[in-house]
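Structures follow.
Two complexes are shown next, each including subunit A; its partner changes from subunit B in the first to subunit C in the second.
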Partner chain A sequence: MPRSEDEVGQKIDRCFADSLLKLTGGVAIGIVASVAFFKSRSWPIWFGSGVGLGTGWSNCRHDFAQPFVLHGKKVPAGQDSQGKPAYNIVVEKQ
Partner chain B sequence: MADKPIVNSIAEKGDQVTNALTQFWQLVTSKPATRSGVESRNLTINELPLYAEDNSPIAQKFLPEEPLPLQREFATIRIACQQEYARVAERFKIVDTAVSHTKNTAIRANEYLTEEWTALPKAAAITVGGMAGFVLGLKRGTVGRAFTTSIGLATMAAFCYPIETVDVLKTGAAHAEQTWNSFQESPPTANKSKPNLSPPK
Partner chain C sequence: MLRVIAKRTSVRGARQQSTAAPPPPPPKAAPKPSGGGGGKLALVGITVAGAGGVVGYAYVDPEFRKQVETTVPPIKQVFDGIIGPANPIASKPQIQNVSAVKKVEKVLPPLELAPLPPIERKSNVHIEPVDVKKQSYTPATPPSAQLVEQKNRQLEDRLKSAIHSAEGRVRAATESKLRTINAINDHASILKQTVDDAKNANWENVTSALRKAEDEAKIDSGFEVDGRNYIDTLRQIVKQGKTDPITASNPLLLNAQETANKLDYQLDEINSLVNKSRQESSVLNQYKDLIEKSRQQFALEMKSILPNVDISAKDKNLNEDELNALIAHAHLKVDQLRRQLTEQQVREEQHIAQALENQRHVDERISADKLNLELNRVARQREVDIEQAVLQSRSSWNNELEDQLKRTTHAHSEHLEQVIRTQRQLFEIEQNQKIEEAVGKERDLHSAQIGAAISRLDGIEEVLGSRIALDNENRRTKQFWIACHNLLDTIRYGNKAGNDIDSRRLSLKESLNLLKEVNPEDEFVNAVIASFPQQAVTSGTYTEQDLKNRFEKLYKVGRQTSTIDENGGSLGSYFWSYVRSLFLVDLPRQYADNEPIDVNNIGNIDVLARARYYVRNGDFDKAIRIIQLLKGQPANLARDWVVDVRASLESQLLVELLVAHAAVTSIRSTY
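Here is the complex of A and B:
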């Protein structure tokens, strides 16, 4: 049974990692758009970074608003009695 | 058909306004429990949702997802920061107190702003009142401008938060009364003779 502090901490980590990913993606798209379409103006970069930050923030809000979501992966575990593939759920751990 | 004398209609209008003001004052000064009109219903202990086994099990939702890149690094940084903070907080209690107070205040403010939808319109109305006061006091110099601005802000705040205004007024009145009473009960100052500070002759 994980402690609630650890669960919140894991969500915070996911938030930071996700926001950084989105921010980097937004800045990258902004740089490309700025060079390719907007005569190297700087506003597409700011716009992209804003979009990235906003997306990360929104994802964080949704993640914190849903306490009963498990993040993890499915591991194939043979077949069940009807011949369908069975999976074990392995919850993400720190 | 003769019209009513104008004095009578003025008196009627005056009564109506007085009634409305009285009703407003009663609504504002009444207790919140009686104002809402919701009757409380007493529950027996058995009816209280105390026991977890009575609740329906919470459905967990599963998201197949690998850990994001850099998530473990963020976890390492977070755990290190937590340990360092625990060391500092153990050494300096005041830091921990200040941080927890700030955190609680921020959480309460966030909850209030999220759940109480009237907060932002009220803030906007109070701002508009302050701006109106500022515009009215433009030709009055710095002090006059500050005065009219604060009057505008206070008026709109009193309209937006009538219950709190009444509370503040009541508290102010109670303090004034207390000060006045203690002033009345204070003993008269003894007529002290002034010390003789002149040099000896």
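Here is the complex of A and C:
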């Protein structure tokens, strides 16, 4: 369980990780679009990376602006009475 | 003394003899046949008288009879015939008669047995306490048996030697006396022979015999004196023995006395024999004198008739005238002699009477001597007998007295025993009472003492028990104290082997359970343990150093986010706060404890700096208080740290409480 003084660090870590993921996704979409639709032009790659970077930035800004948001995980826990899968939310931090 | 008396009597007898001898008028002519007849008569008379006397005395005194019989054995038959057989028992009453007749002052008066006072039997009530122990009076120390025996033996030896020597001397004296008697008899016979046979008389023999007799007499007197001296010494020894109380009862003394008496008597007897023979010899001397005188007269007559004629001249022839004259004279003489004879015959009876008288005198004297002797002997014998009787009666008296004494002592001892027994019983009763009283008293005292002792013992036991309990308590509290310190260490330093911050946390649960087990009944401890923070109990507290490290991080992050609102901020504000923190100078400062703080206007940077100061000084308490003043994002950041530090501090405080409690209990239980 993270300690309170580490919260800021964790947030920054999460930001970077998320941003990198978004950036990578954008670059990948850009490359595919450029190859498929835009005759290997380069700008769809830059666009895709910009979108990804922007998404990461936005996520990060929200994270920092709402300090009391709880981050958790959805853990499947069997099925409910209608046969739908049931989930438990495991909170990362109390 | 007896000897002296005997001697004196003998001397007196001799003197009497010598004085009495002359009285018979000297006969003009020696009447030989008449003189011889008188002598025989006297001899016969003396003999008869002597025999009669002996027999009579033997009748009276059996001792004497026995003595005579032993000296002359054949006389026993004579005695038996005349006075009947010897009656040895007859001597006793004789002695008693004699002692009764002769009252001698020397002898102790017959001891009368004074009747002992009747032993009073006192009744037991009047018993007076008698100290029994003190009665052991010591009798006059009797001479030791050894000494008595030694003395007796000495005395016996002396007596024996004295008796032996005295007997020897007396025997010698007797022998010499007998020789003297023989010599006197020889002299008498030779004298008679010589006188009778005047013609070829040899007077040398007479003188030699006389000299011999005198010599013998001298010798025998010497022997006699010797013998008497020895008897005297024997008597002296006996006397000494008698005076000595130790040897006075020696039976040999009486025997020695008797022997001395016997020997004395023997000497006296032999003396009397000597005297007798002397007397006889003196008679012969008279006879000789008479014959001598008649011869001289005859010679004178012859001379007066024939003055010129020497009668002794034998070769001369007498003439007729002379013969005639002689014949005439002879006629005249014959005539005269015849007349004288007739006259003599007439006076013969007178002479005989006189001679008888003389003889009687002599006999009387002799018998008186003898009687004296016998009397002396008897007296001595009697003394001896008396002594014996005295001894006997004394011994019997002693026996009787001893018997009486024994009876008395027996009665006395019985009485004493009874007294003692009664006293003892009384004493025992008293003693028992006393003992019972004393025992009761003692028992009371004892029970009181025992009660006191038991209560004291109870107290001691109680104290000891409490002491033991205290000891246990003390030991437990010490252990508890140690455990508390251990817990404190755990809180402060955690698991020292841990590699990261979380593994260094050590759960207090185990230690607290141990403490609970150690002090299950201590409410205080239980309460304290129950009030431990849950986090600390389950997962433990952070160590001090970890908390400090965490604070350093908090400080850093706090400074970087010091301007962020508590509801967060934009990325730019975070970035700006970070940039701002880069330009802040972090100067180490000293803060006073009592420095006033303006709570409303204090900035996060200042709060963090103060908190850092306190944390670095180990004062988490103040650091927490200061940290509470944080605002915005840093307050959020510091939330966990504050919680953890508080838990740690709480735990520390509680453990310190437990430690204090343990110390106090230890001190309380210390004696």
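Just so it is clear, the second predicted complex is superposed on the first by the 69 of 94 C-alpha atoms of A that agree within 3 Å, B and C clash if a C-alpha of one lies under 4 Å from a C-alpha of the other, contacts with A are read in each partner's own complex, and residues count from 1 in each chain.
By definition in this document, a residue touches a chain if its C-beta (ideal position, glycine included) is under 8 Å from a C-beta of that chain, and two chains touch if they have at least 3 such contacts.
Note that this is a predicted model, so its numbers are computed, not measured.
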(request) Would you check which partner chain A:A65 touches, where first means subunit B only, second means subunit C only, and both and neither mean what they say? (result) second
(request) Have a look at where A:E7 lands relative to subunit B and subunit C in the superposition and call it first, second, both or neither. (result) second
(request) Quick one: name whichever of subunit B and subunit C touches more residues of subunit A. (result) B
(message) For A:V32 in the superposed arrangement: first (subunit B), second (subunit C), both or neither?
(response) neither
(message) By the touch definition at the top of the document, which applies to A:F16: first (subunit B), second (subunit C), both, or neither?
(response) first
(request) Report for A:V75: first if it touches subunit B alone, second if subunit C alone, otherwise both or neither. (result) neither
(request) Could you list which residues of subunit A make contact with subunit B in one structure and with subunit C in the other? (result) 9, 66, 68
(message) Under the definition above, what is the set of subunit B residues touching subunit A in their complex?
(response) 58-72, 74-75, 78-79, 82
(message) So in the complex, the part of subunit C that touches subunit A is made up of which residues?
(response) 550, 553-554, 557-558, 560-561, 566-571, 574, 633, 636-641
(message) For the complex, give me every residue of subunit A touching subunit B.
(response) 9-10, 12-14, 16-18, 20-21, 66, 68-74, 89, 92, 94
(request) Please give the residue numbers of subunit A that touch subunit C in the complex, ascending. (result) 3-9, 57, 60-61, 64-68
